[in-house]
């Protein structure tokens, strides 16, 4: 299962619509980093509106993706984390500190624009 | 929908089984009347327990069953394996402790996600973890 | 044996009632005339019910019957238990006075216990289950006093917290908070703790968790309504609230929230104060 990644000007957009299993998550990490490298994208929005469960393993992969992307020069914003998922992550003791978030895709793009000074 | 009184039993051999186990847990939680957030808590707890088995002690079994403790209804999740056991239980229950390169949120996280948490482990024999959550 | 005790009791009925009334009056003792009348009626009713129960030995559910009738009267539990206790004492005295052989007297006592113990147990059981029921209803009522999220202007919402916050309530508040943030698309939420009497480590922990969760869904928190004594306890307890902004009043918090969303309040009339 592969998660599609769209390019929009200087940004990459991706919305995760499937239940994230480990394989898919790791494949996604690979694909996204390659795409950032190919396109020289400055910003990435990962939309998680449809994701119902994030356990500590998936959370780690997501956090890693954010840090790795920054090494490649792309700022990442996570959007649409559901209330239930947020509360579960907090229970797990995972605050994803330092990872930018926004309510939805639109505000995520807005946040990137501000951060990149465009 | 058929009422699920019979326990569900999912064997954990590979990564897909982790997804199967937590989906089954979510179904049970939903049917029993748990709210949205508690469904996510239960499913996530199962995911953590199943992953522990997958990483350290496969094969193992996740059992999900409906419990009724003097009118207090809930779900009990049992994770059982015949793996190497946990050497230092206290260490394993510490936040941030990991031997797998994960976030180390596993066991203490499960404890916080659920209402009750019991763990029995013997070096060389295996581990049995039972976690319960009650309807509010 | 049960039947002979019952026949002993019923043949001496008048005497038992007389003695029982004497001792119960010491327990419920009052000198007040009007009140005394009421108590006497109550006493007569109770002893009558006990006699009914004893003589009605055919019926299987006579005990339920008795309980139903006693509880309907709504008397305090302490009165009911001492009433039954005194009844036992009076009958006990009668048994001893009957001058029977030791073995028979013991049998009588045994039979009496078998008859009266269930009354006791049921009284206590019924009373506790009523209390538990009441407590759980009140607990639910308290939970319903949950905090609403109030949108004050575009992208800004306020959640006033009132009363003591325990773990169960904290969970409900957090769920309301997060659902509200999504529904109102609030970019900034002000949590107002003016109405929270005590902020200890646990309450602070819940607030920090709420703020973390709010950040995860893509919004931001400002903690407002911090009174001086609360600021003192927070620092004295060594609680770290540095990850999100705090303000002393709701007003100052809203000013900060406007800044965060790139807005400010301006005066439309010259010379006015903002």
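We call the chains A, B and C, going by the order they appear; numbering starts again at 1 in every chain.
The working rule: a contact is a pair of C-beta atoms (placed from the backbone, for glycine too) under 8 Å apart; a residue touches a chain by one contact, two chains touch by 3 or more.
Chains and their UniProt names: A = RsbT antagonist protein RsbS; C = Modulator protein RsbR.
Note that this is a predicted model, so its numbers are computed, not measured.
K.L.:
Looking only at C-beta pair counts, which chain-chain interface has the most contacts?
P.N.:
A-B
K.L.:
From the centre of chain C, which other chain's Cα mean sits the farthest off?
P.N.:
Most distant chain from chain C: A.
K.L.:
Calculate how many whole Å lie between the centre of chain A and the centre of chain C, each centre taken as the average of the chain's C-alpha atoms.
P.N.:
Those two chain centres are 47 Å apart.
K.L.:
Once you find the CA centre of chain B and the CA centre of chain C, what distance in Å lies between them?
P.N.:
33
K.L.:
Could you work out how far the Cα centre of chain A sits from that of chain B, in whole Å?
P.N.:
Taking the mean C-alpha position of each chain, the two centres sit 27 Å apart.
K.L.:
Going by the touch rule set out above, which residues of chain C reach two or more other chains?
P.N.:
Residues 175.
K.L.:
Which residues does chain B have that touch at least 2 chains other than itself?
P.N.:
37
K.L.:
Spell out, as numbers or ranges, the residues of chain A touching 2 or more other chains.
P.N.:
82-83, 85, 87
K.L.:
Using the touch definition up top, name the residues of chain B that touch chain A in the complex.
P.N.:
Where chain B meets chain A, its residues are 15-16, 18-19, 22-23, 26, 36-37, 39-41, 43-44, 47-48, 51, 95-96, 102-106, 108-109, 112-113.
K.L.:
Which chain A residues qualify as touching chain C in the complex?
P.N.:
Per the touch definition, chain A meets chain C at residues 78-83, 85-87, 89-90, 95-97, 101-104, 107-108.
K.L.:
Using the touch definition up top, name the residues of chain C that touch chain A in the complex.
P.N.:
174-175, 178-179, 181-182, 185, 187, 209, 212-219, 243
K.L.:
Which part of chain A faces chain B closely enough to touch in the complex?
P.N.:
19, 21-23, 52-57, 59-60, 82-85, 87-88, 91-94
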